[in-house]
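In what comes next, chain A is part of two complexes: it sits with chain B in the first one and with chain C in the second one.
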Partner chain A sequence: MSVEVSTSRPPAEPVLYGLLAEFDDPAALARAAAAVRQKGYTRWDAHSPFPVHGLDEAMGARRTRLPLIALIAGLCGLIGGLKLAWYTNASDLAFMPSFLRGYPFMISGKPVFSLPANIPVVFETTVLLAALGTVLGMLGLNRLPRLHHPLFASERFARATTDRFFIVIEARDPRFDRRAAAEFLRSLGAAAVEEVAEGPP
Partner chain B sequence: MTHQPHNTQPGQDRHTLPFPVSPAIPAVAGGFLVAAVFLLSRGSADGMRRFWLAYVQAFAFVLSLSLGALFFVLIQHLTRAGWSVVVRRPAEILAANFGVLIVAFLPIAGTVAGGSGLLYRWARPLHVTQEAHARGSPLLPAARAAEPTEPPRAGGSAAQADGHDHDAHGGLDELTLKKRPWLNGPFFLARWAAYLAIWAVCGWFLLARSTEQDASGDPRLTLRLQYPSGAMTLLFGLTVTFAAFDLLMSLDAHWFSTIFGVYYFAGSVVGFLAVLILGLMLLQRLGLLRASVTVEHYHDLGKLLFAFVFFWGYIAFSQYMLIWYGNLPEETAWFARRGASTAEPNAWSAVALVLLLGHFVLPFAGLLSRHAKRSRAMLGGWAAWLLAMHWLDLYWLVMPEAPAAAWPPALAEIGCSAGLIGLFIAGLLRLASGRSLLAARDPRLPESLAFHNP
Partner chain C sequence: MAVRPASMSPSLPDNTGEIPGQRAPLVLGGLDYAGLTDRVCSIPEQPTAPPAWWATLALAAAGLAGFLCLIGYLVSTGIGVWGNNQPVAWAFDITNFVFWIGIGHAGTLISAILFLFRQNWRTSINRFAEAMTIFAVMCAGIFPAIHVGRPWLAYWMAPYPNQMGMWPNFRSPLLWDVFAVSTYALVSLMFWYVGMIPDLATLRDRARTRMRRILYGLFALGWTGSAAHWRRFECAYLLLAGLATPLVLSVHSVVSFDFATSQLPGWHTTIFPPYFVAGAVFGGFAMVLTLVIPARTFFGLQEVITLRHIENMNKVLLATGCIVGYAYGVELFIAWYSGSGFERFAFANRMGGPMAWAYWIMVGCNVVAPQLLWSKFCRTNLWVTLFVAMCVNVGMWFERFVIIVSSLSRDFVPSSWGGFSPTWVDFGMLAGSFGLFFTLFMLFVRYLPIVAMAEIKHVMPAGHAGDAGRAG
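Then we have the complex of A and B:
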């Protein structure tokens, strides 16, 4: 009944973001997470004020790809550092304009491209790019920076950083059904279940 | 944390050696082996020189394992580490193994006190040099074989084959004489008495107080272990640095490198971590600590091993690069003799290359991933490999001082190392028998049992 009323006035009915379920303790959260996963939901998340041992396993969370990003960025830094050292000190590229050409510095009789002398540079560029790759990769994988999130509209959710534990099933989950999902979350022992609207576009 | 750890409780776990093992067997076998090698080497002066170098290399190897353990245990107390409680007792036993190391040092003390100069050239009594002066020999300065800029050596081929910091007449050259205030027999022996006493007392204290807690369960013992660990760490740093100078660097009394002590320390921790990882795997195979030590603890030991592999590479390169850049003959000669030169490679160049790849590049890549550190086969494999590389590293430091090319390892090196390892194992068995291999009443044990990598 209420659904029909609301569809007659489309702007008044906000788009549903998902269902927010509140739990009292981390053990209940971990149990609920395992059940949600078992039910076959794929677009959902758990929120806790602190890391909960075993929650990743209960959620079936895949390991992050961040180490791979760091490795690739580090290797780029390694190769880039070597190229930089070679280009600035040992290259003689006739097609480059003179102010962009390398300059062969002769230092204590060493060859102009000398690996031991370049290793400190290569080390630094490797560390620099690996660190930048890790930070930027982390931000990218987390879709950050992001100025607003629909969950911030929920007053209840403010306690996710102090003493409450939450599971959110998003409306875009293919198995999502508003009533069934709410019923299911209550059956897992949720202290409260709340509908959260998508924010203004 | 309410989440139940993966471990079962330590009460279900066995943590004493299941069978009585007599330390006498490896001790007697090891002593016999070293004595046999000594007798077989007695034939020539070169043979004796090589025996003594091999003995010092073997001693530096077993000593480094206990020093690495001492560092590890101290750092655990200093940082109030919780994760490591289940692996700390085996480390404490390694760190307290200085009884046999003192015995193993006695022959070195003997040869220094005897003044033969077979092992340390600087240990020759001064009057030998003065007599050489009196004979009017063209004694000073001694040229060094590895330095093409020096004039030809007065002593000729005999001196060249014999060594590089003394001449054919047995005297000491001027550079070595300048270092006599530090490098002389009595002071060397006094210093070593101090080093060994400090290490032995620290190791004993850490093991004894920790074992006392097994019986009493008194949490104040944890604080008693923690309070002096800062001062002991400082003492450790100083003694290890100077011990490395005395034991290894002074084999070539001309050469100097202030980072040398750190180099020895870095390798020591690599060697110790390898031994701890392999030792825990062995104990678990024997049915001990099965439920206490989990993949999480191996993972963390693997991280430390990885870190110290890189630290060793970093220090080794720091030492090399400054000397390479400065290009001063009195510094580069040491590396030149060890084949670390592309201009004039020698028989040791292959060893140097194996160390670069095997002690740094390959294990760095191999231990980089989380998967490798959590795989028992891969971590154990790298630990065994790195222990061998640590031995080879010391070999490369010491054996190029031998008169003739001491590569590949022969009777002297294998015999001395096997013998001292036997003695070392005997000491470990003596300390381990009848003792719990788990700090079962440490107040941080539950934290360690529940330890879980994020």
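Then we have the complex of A and C:
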């Protein structure tokens, strides 16, 4: 594929979002990512149709906080489940209004609260809240869902979910320079480099 | 691209052998990333569905319509329209519930447990199996809800503050069931959907019409395949797999507690939780095979869901079938060893009483039929596989029927014995639940990515055509 820079711009001169560089395969992407990081850029990202091995190391990514979120959510489920079972079936708080008041369930003369009999429900609430925390935490940390992204304007970028690999250096990067960055990306073996405009607000 | 009939698919190399030191290819036919995407996306992207799809959907939807009518009849008349009566208060309804919830377990096993064990062959079939899980749990959830008699009060099972000052009993296995099944349904749904987000984004980016772009775009949540997103996505997927693994083992254990915590001979056994879980995985794998074999042929997915995948599933079927057979044996041994006359009678009655026919169907389908799979010829022959899978589908339904009805009909006191004969509504609802399941399934195969493309690309090597898919 020929190396090219498309520079056709509408007359209104839209605000630049960043430079999009296309790569042929995951190995080229990982090599380029290491070089971009080496160069000192901070506002940039890689895009690929599937998680690429070694890319996180090449990008110097930190570990995600997601496991911590899942743990906290799971503990909330654990404590909440225990509290729920104890409150509704074993407590009797006189000051609560009647529709909110638990009462001791006497069943076959068994203790009103015993851990083993309550484990199944508590286990399920723990798993449920941990899973909800994981999914919502993942979406939240990723700032998803979002309805639009400037990159969606690029025809080329449509293949980022099929078989092509991309690096985007954003214009708000302190070291960003339109010409130098394009030159640099091409020197990394990009099959194409394209300017992407910030979409309509 | 139109659906390729089976006769047009190229003859594929045999990947069922084991070559020491070499991993068998998971994707055949030299598909590269784009080829794989084309092959999988061509199914939801056909402008018109093939007539066979319409025919199957029409049949399934007719079953669903009948099911809804029967539910309406049951709700408006009362559960006396079923054959259930004292002493057999649970019959087809709970049998269907346990049958369907068990089917779901194979989906979670494939998506979560095989993921944790790094069984990469799961990537070709996990989307399928997870969809099956969700649809099966939906079928399952209907039966206990309508069986409570006044289903419009089913919300009383939830612990919510109310003017009656009434709370559910948290020490009742039936309430454990409510929590276990609803948690299972929600977690399976999240697992399925989260895994599908990148593939929905692929469909969005390939969409040619505005409607498709909007709909797939909405459900893809703005996914861009960013490395930072993938990192958290993979972490979330691993966490969900880790959470779903104990969950799936707990769900059928809790279902078995419905029986095991009672005093009834034939139900009151400690072997039930592991026995039920093994049976669920067994029955679920049979259903995956029943669905996957026609679908891969019909949609031309032989390169992605290869004979090796079928063979691996058959091995799981054989192993779990043997566990189930062992459980049947242990059950009999413990009944004898317990020294309890009632226990001994319950099992003698199962094997030689008025419902012995059901017991021997169960043994024949679940224990004898899978023994065919010791032979490699049978494991790699699609017709034999389908035959065994159909046997297991039938056998696992009968297993639950035998456990429930034979134990209830003859308990301690002969004066309270009774029989059970199903009504046409019982049969209609069993058939109708298949209508619901297949309606959902046909819609799934037509409109959603039925193979996890991003996951398969992940296990394909970095190299392209020629040597594609050499990873294990």
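For the reader, a short list of remarks on this structure follows.
Heads up, the rule we're going with is that the second predicted complex is superposed on the first by the 190 of 201 C-alpha atoms of A that agree within 3 Å, B and C clash if a C-alpha of one lies under 4 Å from a C-alpha of the other, contacts with A are read in each partner's own complex, and residues count from 1 in each chain.
Basically, a residue touches a chain if its C-beta (ideal position, glycine included) is under 8 Å from a C-beta of that chain, and two chains touch if they have at least 3 such contacts.
Every value quoted in this text rests on a predicted model; they were computed, and no experiment measured them.
After superposition onto chain A, the partners chain B and chain C occupy overlapping space and clash.
Of the two partner chains, chain B is the only one that A:109 touches; chain C does not reach it. When the two complexes are overlaid on their common chain A, residue A:99 makes contact with chain C while staying clear of chain B. In the superposed pair of complexes, A:131 makes contact with chain C only, with no contact to chain B.
By the touch criterion stated above, A:54 is placed in contact with chain B alone, chain C being left untouched. After overlaying the two complexes on the shared chain, residue contacts for A:117 are found with chain B and with chain C alike.
In the superposed model, A:25 makes contact with both chain B and chain C.
In the superposed model, C is the one of chain B and chain C that contacts more residues of chain A. In the superposed pair of complexes, A:148 makes contact with chain C only, with no contact to chain B. Touch criterion met: A:64 reaches chain C, while chain B stays clear of it. On chain A, the surface patch touched by chain B in one complex and by chain C in the other comprises residues 25-27, 51-52, 67, 110, 117, 120. Considering their complex, residues 25-27, 30, 51-54, 63, 67, 71, 108-110, 116-117, 119-120 of chain A touch chain B. On the chain B side of its complex with chain A, the touching residues are 1-3, 5, 317, 320-321, 324-327, 368-370, 450, 452, 454.
The touching residues of chain C, counted against chain A in their complex, run 32-34, 37, 159, 161-163, 165, 167-171, 173, 175-176, 179-180, 183, 186-187, 190-191, 194, 198, 201-202, 204-206, 217, 221-236, 239-240, 243-244, 246-247, 250, 254, 257, 453-455, 457-458, 462, 464.
Residues 25-27, 33, 45-52, 55-56, 59, 61, 64, 66-67, 70, 84-85, 88-89, 98-103, 105, 107, 110, 114, 117-118, 120-121, 123-125, 127-128, 130-132, 134-135, 137-139, 141-142, 144-149, 151-152, 158-163 of chain A are the ones that touch chain C when the two sit in their complex.
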